[in-house]
Each structure stands twice: as structure tokens, then as C-alpha cells.
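Chain lettering (A, B and C) follows the sequence in which the chains are written, and residue indices restart at 1 in each chain.
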Amino acid sequence: MPPLASFFVKRLLGAIPVLGVVLVGSFLLLEAASGDAVDSYVARTGGMDADQLAQLRQAWGLDQGPLQRFVAYISALAHGDFGWSTAFQRPVLSVIWERLPVTLLLMGIATALAFFLGSLLGVIAGARPGSLRDRFLSIGSLALYAVPGFWLGLVLIVVFAVNLRWLPVGGIETIASGKTGLARLGDIATHLVLPVASLAVVYLALYLRLMRDRMSEIWRDPFVLGLKARGLSHGRIVWRHVARNAVLPVVTMLGLQAAVMLGGSVVVESVFAIPGFGRLAAEAVSRRDTPLLLGVILCSAITVIIANLLVDLAYGKLDPRVRTIR
Amino acid sequence: MTAWRQLGWEGRIGLVLLAVLILMALLAPWIVPGDPLAIVGEPLTPPFTTELHILGTDRLGRDVLSELLYGTRITLLVAFFSAAAALVVGSIVGTLAGFLGGFADAVLMRITEAFQTVPGFLLALAAISVTGPSVPTLIFAISLGNWTQAARVTRAEVLSLRERDFVAAARTLGMRPLEIAFREILPNAFGPAASLAAISVAAAILIEAALSFLGFGDPNRVTWGSMIAEGRTVLRAAPYLSIVPGLALVITVLSVHLVGRGLSRNGRLRP
Amino acid sequence: MSQPFLRVDGLSVSYGGTLALKNVSLELVRGERLALIGESGSGKSTLAMAIAGLLPRQARQSGTIAFPSAPSGLRLGKDIGVVFQDPGGSLDPVMKIGDQIAEVIRAHEDTSWIAARVRAANLLDRVHIPKALSRLNSYPHEFSGGQRQRIALALALAGNPSLIIADELTSALDTVVQRHIVNLLDELVREDGLSLLFVTHDIALASERADQIAVLYRGEFVEAGPAAEVLGKPQHPYTKALIGTHLSLDTPRRKRLAEINPDSLNLP
């Protein structure tokens, strides 16, 4: 097997027990919630007599012990059946499927922006640790790191949407605008500016700090003295060597932060009324839709696992030492 | 005084800010007497226009300053206790995993990873959806997603500690393994985990604010998050109602981060 | 005698109040090999780094360091090549060896990447890295400690320097590898007629490879002169002690080792 494929398989196998724990946890949550899947199904579809209820419970394996119920739950999941959303009166998976792309787009752009801008500023700060520029950026990033994304969203709305009227207040695109193609894309882009900014700022500050701190550590590494001894210019040492080495742990962080950012998107999407996956979580809780909430949790766990896998792959490409150790 | 000096100017500013915030929380009933939820004036009075209501009044005519001060209580209370719970649970899990090793370690670490895989905010939401919102359940819900880092750090520390002399000495003295783990190893491994305290507290503040902003906080109490949510309904007319409590949040989180940086400045925090 | 290649006059270096080097003067003729000997903390590395211009920023320096043949001074990396103690430590762990060498060549010379990489392969060949051309794309961790020190030598040579400064370049390596590296350095210096300034605490090494020896003790020269003179008729008690401890124990065995030149054993 080629090394990349075997790495991929190894990581996937490693994710199985983790996913198993998540499944057990969500099953316990399902058990803890009042009423079972049949109750919630019947709640909206209308009345059924006791016989029909019992029949349905038997069909869904709900009349058995907890272990059997767990097996039934898992096998349903394995068949792509995430349950029935009582709030939307549709299968959970189809609701999630509809909402996920918007959130992935939002998170993808926010991550890319935070990573590139954050590490760029981090390099500028870390190029000369202790300099005025460094202090200014470090304090600035600490302050930004303390800003809650949802509040920043509101402030941005007040400034750019309400007062300046430059950007839309919320939503993902203008409703019934009839725009197609590029015009529609541009419309979506203008709607994404503020939510992306609110979501990205905290991570931008985080990556700035990480990059800057790591660089100031690397400056003390003996190989930097070697580079100076070979007469390389400061700029080249900063960009090609110190920053290049410092970016590795920042990349690792990218995967770890995927889960946190997914959590952040719940509030930011609520602020901007974006019909995304994050807001779905809040809706599931406020509308007491446990199957939907579990579906959201499972899907976000899978999203996070995939994000971490991608980050690991990228890391393997970036750090030659990992490639050969494996 | 040496501890004060070691904090550096960042840590000192943070500590002073935090002390002021704690005082504000403790003295709230004396600074702003009366029920913070009571209607005391004209609705939507802008800030700095009357001496009676320095920060103005909200949509219903409640005093923003007294809501803000009482909000400090909930914010600090929830943040402190959930971070403490997370640290304690994390340290215990980490100590067990590191000390027991083998299968127990593998199981505990998979559980830790699972908790890291599910976004902490979703965990809190899920917990609230089962238990219903109140201060104790909020503390529990927030700590659910907050203990994993402490577990990892403590485990790493325990792994490096367990081969040291004093553990070997305890073994030869005939202490039982778990006794060694909790009486000898945990106290020594707790330092690094405690240096995570600032990060945990800051994260807890932000999660609490976000939860109550979405309306999943304790409905009987004023919190900064719920104030921001309240203000949001009149965002165009009275943006200050959302902006003021948000600024309080920023200052609180910033001061916690500053203290954390001050503490970690000279190596690790020792208990 | 021709004019000196390097002249150090009244050099003192201090770190925040503590004097690391006190009023040191020395001269080095082109093509000569000077060994700086002393214990750790004697200031020998400080002197070498001061000549290279690589002292940390907080160091305070007085006195002059001049290269009379080049009034405008020598360029670090181009005219002066430096090799450090830690063989892995002076290489960027995440950059290909070929790129690291080519980068240095291009920093001092206006050539294309291709030409620079060809030169890099030649340099690796000169320091006896087998299959030099194919190893251009290898990373530092894919080489052994001794090989990394060879690569560091290649990097020091990349700018065609006239002076090599070697700071304890073998003390992190095991004895056999040490010999290889020392022989290689000797070979390179002789081939190109370079001046060499090397720092060592190994008096045996100095006696074998240096034309001039300077002994440092607590930041001062206690003895300096031609190698044979310093070792044959040591004046200062510290030098005598150094020779007493090192030579009597080490030399006979090392001499035997030195007679078998391991590099000459390389089969074709």
C-alpha cells in the first residue's frame, strides 16, 4: 500500500473508537430525553391508536432492552437513517444535508482568512520579537481574542449595515432577487462579509499569537545562527526559514480549532439569520427536537474528524520529518 | 510582593481589572440597590443623559448599570465554577490515564478525544436541552466541553512524573497505586493543568454569554448575554443596549487572559 | 612576512557586566591555521564569534577586528565560512539540503537556481557525501550526524570563503567520525589555501592540525605562538597543566588512530 493510503486507512481506523464513544454518548442523551422516537413522530403526524404505536415501536426496535435499542440505533445510522426531525417533519439527514453547505462555506472562508491574515501578521510581529511593531500586534491580538463573535457581529451590523448601509443585515442571499450566475455569487459574497468577519476575528488573533510566539522560540534555535553565519538576508531568514518552521504547529491548531469554530458558527449564524448547520443546533434545542440535535452532534463530530484528517495530511506534506518517520 | 513583580505589567493590569470586577459583583446590592429587573424609569434612556441612570435604561425601563453589575455576578460565578470543575475532572482523568496506562489509558483517552471532537458549545447545548437552564446546570454544561485539555496536559505530566524518584519511593513504602496517583502524582501534575485555568475561565465566560444570548441561560437572572440579546431587538434605535454589556464581556475576558499571561510569564504556575 | 590577513587588536567583550574577553590581540597570516584552546568558559568561542561578527545583541564589544587585505571588511557567508558544534543544529530541518546550499550560493552570487544547484551537488561531492546529486532533495534528518557536519562544511564553503571559522566542530560527534571530519576540513583548507581559525578544547587536535596556537584562560591569552613552540616549551602554568592532562592520556592512542586515515579507506 502506498504510504499516503496506509496513513489514511490508519487514521480512519483510529477515528472509529472515538466515533463509537460519541455514538454511545448521543444514545444516552436520546434515552435521557423525554419521550421516544415514536412519540415525537406521532406528535406531528397526527393520532395513532395504541396498537399502531406498539407496532411502530416493535418495527423500530423500541420495545426491547437498552442494548437492543442501541444496536437498532447504530444499525439505523449505518443505513443512513438519522431519525425523524419532529420540528421539520422530515428525515434528520435531509435537513442537515440542506444546511451543511452554507456552514462549511462560512467556516472554510473564515478559517482561510483567519489563517492567512493571522499568520501573516504573526510573521510581521515575530520577525523582530520585542520590537514596537511586535508589542502593538501582540496587545492587539490579545484584545481581539477577547471579543465574542456574536457581539462583534452585532457591532458590525450596527456600523456597516444600519449606519453605513454598505452591507446587508443578514441572510445568505437576497430573497427572491431572481439573480443567477455571477450576480448571485456576488450577492452571496456580500452577505457573507460580516458573518465571516465575526467568525474569523477570534481565530485571526489566535493564529497571530501562535505564529508570533512560535517564531520567537525559533529565533533562539541554533540553526538560525547558522543562517546568519551564511550571510542570508534578514528577510529571507524570516520568511523562508523562521516563518516556515513556525507555521507547522499553527497548521496543527487548524484541526483542533475546527470543533470550536463549529460551535462559534451556532451563534454567528443566529445573529445573521443564516440558514446554516449551526443555527440548526440552536433550533433543535429550542424546538425540543432531540433526534435532530443528535444528528447535528454526530455530523459535527464527523466534520471535525474529517477536518483533522485533512489537516494531518497537509501537515505530512509540510513537515518532511513526519513523512519518513511514518 | 515578588509574586506581584513576577506578573509583569500585563498580569498586573489584568489582576487589577479582575479585582475591580469581583468587587463590582460582590458590592452590586450596595452600588445599585434594588431589584435589577425592576422597572425604574423611562424606557430607552440613552447613557450619560441622566444622573439617575448613568448607562441609560433598556426597552422596559430597567437600569442598565444595575443589570450590568448583577450580570457580573452570574458571569464570574458560572465561569469560575465551570472552569474549576473542568480542571478537577480533567486532572483526575489525566492522572488516571497516565498512571494506570494500558487499556484504561486507551479508553480514557478515546473518551477525551470524543469530547474534543464534538464542539464544546454543542455539548453545552445538548446538556441544557436535557437538564433545562439554571445556574448549576449551566456550570455543568459548560464544563462538559472544557475539561479535555486539562486531561491531556495532566496525563503528559504524569507520564513524565511516574518514573521519578518520589514515586518509586512511595512504591517501596507500599502505597497502593491509586493512593500514589492521587496523593503523590496528582498534586505535582496539577501545576501545568492550573496554568490552563485562565484559558478555561475565558472560554467558560464566552460560552455562558453565547448560551444566554441564544436564550438558553437561566431565565430568572440577568446576564450579559441575555442583555445583548434584549438589546438586539432594538438594535437600530438603541445600539448601546447591546454594545455596553459586550464591552463588559471583552474587558472581563481580556483581564482573564492578561492574568493568565502574567502567570505563565515566568514558567509554569505552581500551586 | 606578508601583511596579516586578520588582525585583532585590544578586543574586549562583555555580557551585561561580566567580561568574557579581556584585551585580546592576535594576527593571522593567509593560509595559516590557528587553534584557540581553552576550557569551556575561557572565552574561546566568544573570540571566534566576535571575529565572525555573530555575537548576540546584548554583548558589548571594544577594540578592533580588521582584515587588512580587505579594507571594507569581509562578508559573512561569502568571505568567512562558519561551522558550529552541533551538526544538526545549524541546518533548517524542513528545507532540502540542495536548496539550503543553493540559497547560500545565490545570496552571494548572481546565478540561476539550476547553476546554484549544480554547484551545490559539487560541494556535497567535495565533502564526500555519496551520490551527491540525488541527495540534493534530502532533508537534514535523513543524514547521519557526521554527514550533517559535512553538509555544514559544504555550506561554509558555498560562498568561496578565504577564512573558515570552526567552533568546536567535532565535540558533538563520536571519536571515529571526529577524525573523518577533521581530516576533511584539513583537506579542504589545504586545497583552497584557506585560513582556518578553529576553537577546541582538545589540545591533541590542536597540536596535530594547527600552525599557531593561542591559549585562552579566563578571557585572556596566556600564551600564543607557533604550535611547536607553545606545546614544546610552555611558559604559562595553565598551558602546562592543559598539556599535562590531555597529552599524556590521549596522544599515543590518537596518534595511532591518525595514522590510519579512514577517508583513504573509502573503496572506489
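Quick note on the criterion: a contact is a pair of C-beta atoms (placed from the backbone, for glycine too) under 8 Å apart; a residue touches a chain by one contact, two chains touch by 3 or more.
Bear in mind that the values here come from a model prediction, so they are computed numbers and not experimental data.
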Identifier of the chain whose CA centre is least distant from the whole-structure CA centre: A
Label of the chain whose CA centroid is most distant from the centroid of chain B: C
Best-connected chain pair, where connection means C-beta pairs in contact: A-B
CA centroid of chain A to CA centroid of chain C, Å: 52
Inter-centroid spacing, chain B versus chain A (mean Cα positions, whole Å): 22
Distance from chain C to chain B - Cα centre to Cα centre, in angstrom: 55
Residue ranges of chain B touching chain A (in the complex, touch as defined): 110-111, 113-114, 116-123, 125-126, 128-130, 145, 202, 206-207, 209-210, 213-216, 228, 231-232, 235-236, 239, 242-243, 246, 249-254, 257-258, 261
Residue ranges of chain A in contact with chain B within the complex: 17-22, 25, 29, 32-33, 142-143, 145-148, 150-151, 154-155, 157-158, 162, 256, 259-260, 262-264, 266-267, 270-271, 281-282, 284-286, 288, 290, 293, 296-297, 300-301, 304-305
Residues of chain A defined as touching chain C within the complex: 221-223, 225-233, 236, 240-241, 244-245, 248, 318-321, 324
Chain C - residues contacting chain A, complex: 52, 54, 75-78, 81-82, 84, 86, 89-95, 103-104, 107-108, 139, 141-142, 152, 155-156, 158-159
